[in-house]
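So, here come the structures, one by one.
Next come two complexes, and both contain chain A; in the first it sits with chain B, in the second with chain C.
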Partner chain A sequence: MDFIRNFPFFCIVLALSSGVISSVLSQKAAKALTFCLVLLALFTSAGVLVYTLRFGEFTYMMGHFPAPWGNEIRAGVLEAVMALFFSLIMLLSLLGGEKYLKLDIEEPKQNLYFVLIDLLMSSLLALVYTNDLFTAYVFVEINTIAAGGLIMIRSNGHSMLAATKYMIMSLLGSGLLLIGLTLQYDLTGHLLMSNIQDSLKTLAEHGEYTMPLTVIIGLISVGIAIKSALFPFHAWLADAYGFSTASSAAILSSLVSKAYIFLLIKIMYRVIGTEVFWNSKITNVFFVLGVAGMLFGSFSAIREHDMRRMIAFSSVAQIGYIYMGLGFGTTLGVTAAVFHIFSHAATKSMLFVACRGLSEVSGNKKDFSDLKGAGYRNPVAGVAFTVGAFSMVGVPLFAGFISKLYLTSAALENFDWKMVIAVIVLAISTILNALYFIRAVISIYTPRNEHYRDANFHPGITFCAGIVCFIVMNFMLGLASDPLIRAIEIGLRMFS
Partner chain B sequence: MGHLFSNYYEAVSVILFGIGFTTLLLNRNMIKKIMGFNIMDTAIYLFLAAKGYIFNRKVPIVTGEVPTPEQYINPIPAGLVLTGIVVSVSVTAVMLSLTIRLYRRYHTLDIDEITRLVKEEK
Partner chain C sequence: MKLRNDYEKTLWRRLVRFVDGITLQEIEEHAEELREELAEQQEESDQKAEAAFEAVPEPESREERRRQAEEAHAKEASAMLEKYKNWPKEHGIKIFGRLYALMSVVLCAIIIITLLATVSYLPEFGHETNPNNNEVVERYNADGLAETGATNAVAGMILDYRAFDTLGESHVLFIAAVCVMILLRLEYTKDGKPTDVLRSSEENDRLYEPKNDKILQLAAKVLVPVIILFGIYVILNGHLSPGGGFSGGAIIGAGLILYVNAFGFEKAGKIMNRKNYAVLSVVPLLFYAAAKGYSFFTGANHLESGIPKGTPGHILSAGLILPLNICVGLVVACTMYNFYTLFRKGGM
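Moving on to the complex of A and B:
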């Protein structure tokens, strides 16, 4: 069984090398290679999950240099669940959006799309598994470049400008992250997460360097918050999600920003230590910005006439939910936040893919007036959009309900100012979500625009397969969330 | 104030970081933005290099005699700086290529102007 310990490293290296190989392959071969890779990542992460559930966490030495010098990979239950889920969402997003790659991307560039996907996959897995902060920084940058490529590959003016704005904001974020890591290295002299935590504990016992530590926590947190589009750093988000191709938007919203948040949780638990982190008051900043994001994201979404941009602004609100969960500064809050990472990723990627399917039968337009009646013209996409909308609003049976339930119970755990605000804002935000999502569902089921009807239209097998899997996953998260919640709890316990 | 002058490397690199950061954030010219990004990253490398130096010690290269770690400065920041330089070079390349494509299309480097032109394109 011990060979399973090699799986995380193999996946990362295979993803990197297949990215290199894909650049010289034809579009078909590159696509096949990427699908094989994502499937492999899916199965190996499942293997790692079973292994960690049975034998506990393990660290994997790279290059046979022991702990304080060498580089390490660490896998626990939470990492394995994350990797499994990321591979699954990646697979379904590619499957659902596969048909539109040909429409949206010029012919000679299509194999390059899969190069970017491979690089993104490797950086996502590395961010999930790494135990070394500087490695994390390097893969954050690889992630940024690959994500920027995914936006700009659709080479029209809008997407190039969106990619530029995305890159600028991301570079600001990674600059802050890097100087935070540098200061941290000066303080502790270590880069491996477990060593850093040991020396920070010694520092905390002697009461030394509390001010620099607060600065470090602030820099790293703000850096990651910029990169994951927490309100008010979300200016790049709407264009980046709105003008890229369907798979890109799905992957960017559900995987890229979530990987950064997972890195933040990792830093919270395994580098700084929860006690110091929660006492540093940065959680209050998360809470306030998260709450503000929940409201303002929804207000912006209500004002939009473009469906893609509306879904993008809804992401701002959902990222706000996650940061609000982190902002409670309790284990229950983090559990709810991690669950919301899963439920939002599963729902939002489905919404983006379904929205592309709806706009395909409406003359490739995205405005509500053109999308009227699209639910009848492309029934599969219509059903998927409805399921996604209900899940986002938080209707029982769907994934979004469970995460709202856990967020509320995390809020009610302590009776303080956060509880009052959180409960009120959750209620308001649910109403706002309902306002714009129900409006969208009603408009796609308003029988209009018959001139777009094409009798020979067929949504395509890959699209249907992806959508059906998405819907099943949503119901699974909504109806059988207990095993996942328990896995998250075990994983968080392994973290600390 | 005394600390500021005895740690002048760190003080200078933090000031440079601030200059680079604000240029990247606020300047409208794309090329100046990229220069700001490079200043910001270089400031961090200066900081790292300054922190890795230990007074009166040698470069960590073994030349014949039996080495003891006490003779050498800390080599790890140098490794981090090298890695960081590779990262920032590749990001700069991506940004420059994006700028070239935007310039070919809109004949300006001003990001606000480009935003206006893109909006009109619709």
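Moving on to the complex of A and C:
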């Protein structure tokens, strides 16, 4: 049984190596290798989850030297759930968008796409499992460059511009994060999360260095907020998600930005400590920006004529929900935020893949007027889009309903100014979500554009398989959320 | 342009007049001529305007007059609407741009001031009692040599104590190279022939880059072997003296770039072509991952790794550090050279 402790490390190193190998393989072999890798990550994470649920958390020494001297990774229930979920979404996004890679990417460069995916997978796993802030930063770098490559590989003007915007904003975020980490090292002399927390506790007890400490918390939070597209820093998002290939958009929206938020939660609990973090008032900033993002993201989405960009702007609103949950500064709020990470990732990746399926039967266009009637021409994608839209709006039975339920109950826990604002804005935002998502559903089921109909059209087996799994997952999250919520609660308890 | 009234009386003007040999009278005469001309023109245009005024017939009735007034009013209104519509384009963006620039400067200033203020609160640099002078550094200094076998403590830290970070870091280099390849590499067709874009980029390269420059070639002949040898020395001595894979690889890469500049791609292609690049970047990284994977696995499971440490100070010592330095050096050298060729003509 103890052999399971090796699994996270195996996955990370194998992902790095298969990325390197993929660079010299043919497109088909690289694809097969990547799918094997993601499946391996899926099963091993499930193993780690079972192990941590039975025997509790464990740390794993990377090398012959114990932690403050050598590197270390750590696995608890929450990490295992995250890794499991990330590999699952990665698998389904690749499966659903696999068909379109051939259309969107030049043929000799298709194997390089899988290089990016492999290295991204390794960085996601490392960000989830890391117990060391500098290791986290190294894999943030890999993650940033890989994500930029995923946008750029489509090689048209729009995606180049989008990748440039993404790189500028994301590198700014990385820079702030790095400055924060460096200042932090200067105060504590440690990079290992648990050691930092100990020294910060003694510093806080003696009341030393309060001003630099606030700046550090601010720098790290803003850096991560830029990278995960919190409201005023979301300028790169719409183009990046709107003009990349379907799998890339799904992966970027549901995995890359979420990994950073998870890193923030980890820093909140395991580096700075919840008490210091929640007392630092930065949670109020998160709350205000999150609430503003919920409204402005939806307003931008309503104005949009391009369906892909509309879905992208809806991401801004949903990221706002997550930050609002973190902004409550309570365990219940964080639980709701983590659950919303899951439900949003599952739904948004499905929406991007389904939207690509719909635009395929509409002459590869993505405007509302062209997409009219697409639900009849590609029924699988139409159903998936409808399920995703309902989930985003928060209709019962779907994943989005549960996360809104938990967010509301987290808001009602304490009676203060946050509660009033949160409840009102949640209601308004739900109506706004409904406004644009229901419009989109109505528009794809308006029987028009018969000239796009192709009698021989078949959505493809991989697309159907991916979509069906997505729909099943959405219902699972909506109907049987209790085990997941309990796992999140156990994981958060292990964190602190 | 409006001149000052006493322009001709200024010191400068007097000097100019003196140098040019013009008297004040001449200038005044010229001005008089100009003034007369202007008056004539004015008279002419006055006459024309009068003629035009007379040519317009007197409005027949009051209704006619009202209609005309209405038309004029409508024209004025539409002109105003036009002005209103164009305002954002003509002035709004300008104002917004200025505000934007101002705000960004203010924001930057605030951030700079905050960070500078923070620095002043930090512990003094290099002080003995600083928090970062703790048990971690102590063990690196005291036991580093015995535990890693490397006389160069930095090499011991990055390739043994914190090897996982360095493993990630070398893959950062790799993924950067992959991204540049996606962006800039020009492809051959399926049957191995160059595409039109590739051919034209090669022709351009021939046009813009110097060919067979004798001075450069002589210099390169002398320098390249020395540079590459020095790079190899820095890599191989990485565990003994300052240096290592990253710095030595960069030196070798610089040598290769000098070589290709002097002798052209055809000669350089004999050693560094796409196939060799793939081998030289993939094999070291795989060896790195495999070797470190083995060491992580044995370390975490408390097994003996069986890798001899050797005598510190000898060239064959410090366990895995020497082979890892060679791997990193190869990757860095190839990546640098690859970047150069990609930016110059889209691949080797």
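In this section, the second predicted complex is superposed on the first by the 496 of 496 C-alpha atoms of A that agree within 3 Å, B and C clash if a C-alpha of one lies under 4 Å from a C-alpha of the other, contacts with A are read in each partner's own complex, and residues count from 1 in each chain.
The criterion applied here is as follows: contacts are C-beta pairs under 8 Å (C-beta built on N, C-alpha and C of every residue); 3 or more make two chains touch, one makes a residue touch a chain.
Source: prediction; values computed, not measured.
Colleague: Answer with first, second, both or neither: which of chain B and chain C does A:Leu161 touch in the superposed model?
Modeller: first
Colleague: Contacts for A:Leu171 in the overlay, against chain B (first) and chain C (second): which applies, first, second, both or neither?
Modeller: first
Colleague: Examine A:Val138 and indicate which partner it touches, taking first as chain B and second as chain C; both and neither are also allowed.
Modeller: Both: A:Val138 reaches chain B and chain C.
Colleague: Based on the superposed arrangement, let me know which partner A:Leu264 touches: chain B (first), chain C (second), both, or neither?
Modeller: After superposing on A, A:Leu264 lies clear of both chain B and chain C.
Colleague: Is A:Gly148 in contact with chain B, with chain C, with both, or with neither (first, second, both, neither)?
Modeller: A:Gly148: touches chain B and chain C.
Colleague: Quick check on the superposed pair: does A:Ile179 touch chain B, chain C, both, or neither? Answer first, second, both or neither.
Modeller: Both partners.
Colleague: Taking the superposition on A as described, I'd like to know which of chain B and chain C A:Ser199 touches: first, second, both or neither.
Modeller: After superposition on chain A, A:Ser199 lies in contact with chain C alone.
Colleague: Both chain B and chain C contact which residues of chain A?
Modeller: 134, 138, 141, 145, 148-149, 152, 155, 179, 185-186
Colleague: Quick check: in the complex, which residue numbers of chain C touch chain A?
Modeller: These residues of chain C touch chain A: 114-115, 117-118, 121-123, 130-137, 139-140, 147, 160-165, 167-169, 171-172, 174-176, 178-179, 181-183, 185, 187-188, 278, 281-282, 285-286, 289-290, 292-293, 295-301, 305.
Colleague: Considering the complex alone, what residue numbers of chain A touch chain B?
Modeller: 134, 137-138, 141, 144-145, 148-149, 152, 155, 157-158, 160-161, 163-164, 167-168, 171-172, 175-176, 178-179, 182, 185-186, 191
Colleague: Which chain A residues qualify as touching chain C in the complex?
Modeller: For this pair, the touching residues of chain A are 5-6, 9, 13, 16-17, 19-21, 23-24, 60-65, 68-71, 106, 108-109, 112, 115-116, 119, 122, 126, 132, 134-135, 138-139, 141-142, 145-146, 148-149, 152-153, 155, 179, 183, 185-190, 199, 209, 211-212, 215.
Colleague: Applying the document's contact rule, which stretches of chain B touch chain A when the two form their complex?
Modeller: Chain B reaches chain A through residues 17, 20-21, 24-25, 30, 33, 37, 40-41, 44, 47-48, 51, 76-77, 80, 83-84, 87, 90-91, 94-95, 98-99, 101-102, 105-106, 111, 114-115, 117-118, 121.
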